[in-house]
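Okay, here's the structure, questions in a sec.
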Amino acid sequence: MATTVHEPPKIGPVRGAKTARGNGGWNLVPADGDLRVGERGSPPPASVGVWVGMAAITMSFAAFTSALIVREGASSDWQHFSLPSILYINTVLLLISSFTLELGRRSVARVMSRSQDQAKAPPLWFYVTLALGVLFVAGQYVAWLKLKSEGLYLATNPSSSFFYVLTAAHALHVCGGLGGLVRVIRKLRRSDLRRSTLDATSYYWHFMDVLWLYLLMLLWSKM
Amino acid sequence: MAKFFAITIVVIAIASAIPIVMHMWPMPQDISVHGPLIDEQMADTMAEAGISFLAAQFILAAFIWMFSNRSREAKIRRFPGGAMGLVIAAVLLVGTEVLALGVFGTKAWAAVYFTPPSADAMPIQVQAGQFAFYFRYPGPDGKFGTIHPDKIDEANENFFGLDLTNDPAAKDDIVAAEMAIPVNKEIHLLMHTKDLGHSFYVRELRVQQDFVPGLDLSLHFTANKIGKYEIVCTQLCGLGHYNMKAYLEVMSQDDFNTWLKQQAANQ
Amino acid sequence: MHDMSTHPAQHHHTAPTSFIRKHVFSLDHKVIGKQYYGLALIAVYIGMALSWLMRLHLGWTNLAIPGLQWLSKTGAPGGVMTPEYYLQLMTMHGTIMVFFVLTTAPFAGFGNFFLPIQVGAEDMPFPRFNMMSFWITFVAFIILMTAFFVGDGPPLSGWTAYVPLSAIGAAAGPGQGLGQILWAASIATFCIGQLLGSLNFITTTLDLRTRGMTLMRMPLTVWAWFITSCMGLTAFAVLLPACILLILDHVAGTSFFIASGLVVNGALVPHSGGSTLLWQHLFWFFGHPEVYIAIVPGVGIVSHVLITNMRRPLLSSKVLIGCMATLAFLSYVVYGHHMFVSGMNPFSGLVFSFPTLIITIPATIIVLIWIGSLYGSKIRINSASLFALGFISMFVSGGVSGFFLAQPSLDIYLHGTYFVVGHFHMVMAVAALFGIFTGTYFWFGKMFGRMMNETLGKIHFWLTFVGTYAIFMPFHYLGFAGNVRRYQAFVDDYLQPLIPVHRYITVAALVTGAAQLIFLYNLIHSRFWGPIAPENPWEATSLEWITTSPPPFDNFGGKHIEVFHDPYQYGIEGSTNDYVMQNSPEQIHTERDEK
Amino acid sequence: MRKRHHFVVTLSVVVLICCGALFLSRDVNAAGEGTITGTVKLTGTAPHMRGIDMSKDPFCVKQHENNPAHLEGVVVGQDNGLENVVLYISEGLSGSAASETPKTVPVFDQKNCMYTPHVLAMDVNQSYKVTTSDQTTHNIHPNPNPMTGNIPWNVSQPPGSAPITKSWKAEEVAIPVQCNIHPWMHGWFVVVKGPYATTDDSGKYTIENVPPGNYTVTAWQETYGTQTSKVTVAAGTPATADFTFKAK
């Protein structure tokens, strides 16, 4: 809201009269009480929104987890199997992608903070990240094929069911992240990328890492 | 308008209370040993809930009556005690109230669920299925034959999927479509469901328990009044849910023995 | 600093011109709010029609309802409802009402329209998400409706869709095949829509408050919507996975919920080892917060309207907010009280029982704050305030029956009877609807630029208020008599004598339902021919009243809002008007200042 | 003018003759069709059919106060005649004879909480009627084998509600029918191609309208399965095929 200038508030005539008692129980700040919205600007919505979104996603996966634990305990038909080793490669890919994204973000941020106009050409790192992300999803798919070849299908056993469901859910969210990344690159090209969008996207991406590490641990301990 | 509204609230409140006070649709007479605890608890709760209901509605009505459509000049007056007073009052009054209810309620709950059935309790198995109950008595050997779901064949009345050729325990099991129990004898009811979630509800026994697929629960109770009562299903189980019922006959020990002989003969 | 100081809300400041962008795929939170409200309106009348059919059938079981056979030939041959069709209608009634009325209208509908305005924002931070949120919800509604017309109709497993009934498929009963899948798909879609909505609500509240709008200066409605969206964010995020697992059990042959060795309709079910209670836990972990998602916005709206019409602030808004937050929090730790007799460990029954009883404390405080604030106030009687006061009465009536159901020992007797039906209709359905009516009569002018007809409004109120008591109080009595719910006919011997009561309820329901047509007429008529609404018809103080009715595209016409006061500066004496707008810079002396 | 007159007359004469010919030929055809008759008996002691406990539904109990209901897996009538056996032609039918579907509509009634008849035979695509004579709601739930292409259905019939008319589009011996509301209610739909018959309480049956030829007749009994025998049908004289099932 910096775009508009506004005059300092006029202080009106003081009414001496008493007001109602118990006026909501909060104390009156006469004027410009809270300036967190205004010139100094609030944390832009994107970076708040992304946290809220991550909270929701966390909740969903918490639900999946509790379902998994309850279902495992529900009966003795839980079949253990060894995770396809490609998962570990995928993990490394994802971690690296986070790193490259961070490099890209830093470089763009540097330009942004220096001058109004921002880097026209999106740094190479973004494309690397994109590629790694795609590789990760593809890798997950390979992992599925591996399980299929072992005769472990979605309905074979609760353990395999949960494996597919969890990996699929996570892969879907990663695809969302990829979408965001593409958007960032496009905006950079059009040079109307907002810092907050960039940060939000990268937070989300790192969150996908953390989530995946958690899932890997869960699967590793349960499968 | 406002005064009329206040009156309406009072009238509705009283009208709502009358059927309760007059016992127009009372709970049926209790026939179980643990029942009195529940009934007592019900009465206490009714008293407390009723009082708070009437009090709240009356005060609401009174204030609407007193303070609506006042002149613009009328002064806004402050509620004596203010918010904090109310909060403290609420926490103390309601807090102690619900705490008391909770503590005493626990007694009734414990009477049903925390006490193990006595050693000489009579085991009866009830199997729920769309949309009927079937009851099984272990017979002379006192052992239930194992249930083989793949052997369940209603067309030939093998409701429990018993293996009558190979399973000695199953041979003398007595299966009936109604439940008969001797009076003043503790019953240990083993609950099994054939297909979906159902529930076992006998108003007079003050007993309600769901059947959970894949999870065999058990109940125990003692009926102390002879008579014929209805067992109904209270867990939505499909199109015949409303018609899923059976009869519970509480008999004297002798009548029960003869009844059991009859059933044995029908097998 | 091109980005830090500006908000995306300002990035679509030029109002759209094309009809589609303006009224259909609009990014404007106000249009989206109206769209949600419209959806709820359609849904609520469908749901009401369903309840009429159900009531008729319960009163006169073999009654041929003319025309019903056109809705479903097999479901109602010659207009006589079959048992399965009754249950199917019941399921749809519950699902439509809970999801597409009680969640959409007070939360998504009014919230979308007024939350940004009341915090002085120009729009939601993520308008595209906001638009998607509505259209996804709309798709969910369409999916649910199609269930009426496919295969053997909608599912019959109730709005709780307990497994394995809902997971096994067509063998379990009519509608349990395709119908049930559509149901689960619809609810899953709905969850996504509401998650996007909640995301917007929370971010708006935290982020887009205008200059001077401290958290403690937000109107109570904003607080209510904020708390609700926090609940929505967590609750729907749990229901979504649950629905996915249900669909997989249904179509992909997995066994999350279906136990071993089930023989349904003479055939052994090919699943094994699933946990029946797992669904109930997941569902009710969503389900109980959902109850508060329905009622908390009502609490906010009612407080907002009451204060305006009492011409004084509440005794303590802080306490009210605290109570709403407590309710929200407790709703997650009490959900087990829906499962007292469903085979949980009896000890956990106790564990869930106490917090449930504790909930009555914040609820009581809320009521006491309202009643206490009524004391010594200057109540203005109009349709809005009547419904607000009616809400209090309903909230109390529905609340006290909670005393019973909170205790497992009494739940043994009352669980699964009409007592429960009476309880949740009173406290959740009717109370929430009263909240919606309150909001409608209060804000209609602001939303549509024309005032509603007060006389019709009052007639509507009297019929509804008396009618709902006439319908739902007897439900409790039936419950004490042990009348089991979800029965399409009362064939049990002990239920025969209760049939007259059901007939009476049916009549009451028909009349009260008819009264809602007055409301519909009032809405439509006022929308087009009502008197033009002034900017601030109720002499209210919060920000929605400083702009035109209806507000311009950017809410305040580019004018910059600065907030100097708490939202509810009423009862200020010694001047022509007894209130001070939230954005007026004049200073007020309170006794607190003098101390 | 006269010419046209002639033409009209001849045309009408020709038409008349053709009609007559058709009419007569139809007669001749019918006269040419034979029948297969016989008896189905049971040897050995019939298994004990357990009584049915209907105490779940007071209405049903009342209906059977004096005539207790029994299972109907094996129903033996006078001199060991086996009831509810379906006989049909499993081989040798010419396409036309197999394809034509009778116009009669067999009725499957729900009476006293039992299915009457217990076994209902019908032709492919022949429409049949399900009625209820009881004052309690019934539910009809046939479960055909999914492989056959017959579609299962599941509908309730409240007291006094209209009959349900349906038909099966594929041959299937036999489709179990049950009432979900009354678990003991079980019956059978037997869907066959071509002429069929069901034995009466004395085990007798007659398959009508069988064109002359050599056939294999199959007898189906729900408990004992099927038996076949070869018969030759000549115009006029009824061929006989008797069957004997052995009690296990």
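Per-chain numbering from 1; labels A, B, C and D assigned in written order.
Keep in mind that, in the parts below, contacts are C-beta pairs under 8 Å (C-beta built on N, C-alpha and C of every residue); 3 or more make two chains touch, one makes a residue touch a chain.
Everything numeric in this text was worked out from a predicted model, so none of it was measured.
The greatest centre-to-centre distance from chain D, using averaged C-alpha positions, is reached by A.
For the interfaces B-D and B-C, the C-beta contact count is higher for B-C.
Remark: chain B and chain D have CA centroids separated by 49 Å (rounded to whole angstrom). Between chain A and chain C, the centres computed from C-alpha atoms are 30 Å apart. Between chain A and chain D, the centres computed from C-alpha atoms are 67 Å apart. The residues of chain D that reach two or more other chains are 136-137, 139, 156, 176, 178, 180-181, listed in rising order.
For chain A, the set of residues touching two or more other chains reads 20-22, 25, 74-75. Shared interface positions of chain C, defined as residues touching 2 or more other chains, are 82-84, 173-174, 259-260, 265-266, 273-275, 277, 312, 314-316, 319, 489, 491, 493, 571, 573.
Remark: chain C residues 82-84, 87, 156-158, 162-165, 168, 172-174, 258-266, 268-269, 273-277, 310-312, 314-316, 319, 341-343, 346, 349-350, 353-354, 357-358, 360-361, 364-365, 367-369, 371-381, 386, 389, 392-393, 396-397, 400-401, 403-404, 406-410, 412-413, 415-417, 458, 462, 465-466, 469, 473, 477-478, 480-482, 484-494, 498, 501, 571, 573, 578 touch chain B in the complex. Chain contact summary for the complex, chain C toward chain D: residues 61-62, 74, 77-78, 80-84, 152, 170, 173-174, 265-267, 489, 491, 493. Interface of chain C with chain A (complex): residues 1-10, 125-126, 195, 198-199, 202-204, 206-214, 216-217, 233-234, 237-238, 240-242, 244-245, 248, 252-256, 259-260, 272-275, 277-278, 281-282, 285, 312-319, 558, 560, 562-575, 584-593. Those residues of chain D lying in contact with chain B across their complex are 50-57, 71, 73, 136-137, 139, 156, 176, 178, 180-184, 186. Those residues of chain B whose C-beta lies close enough to touch chain D in the complex are 129-133, 154-157, 159, 176-178, 238-240, 243, 245-247, 266-267.
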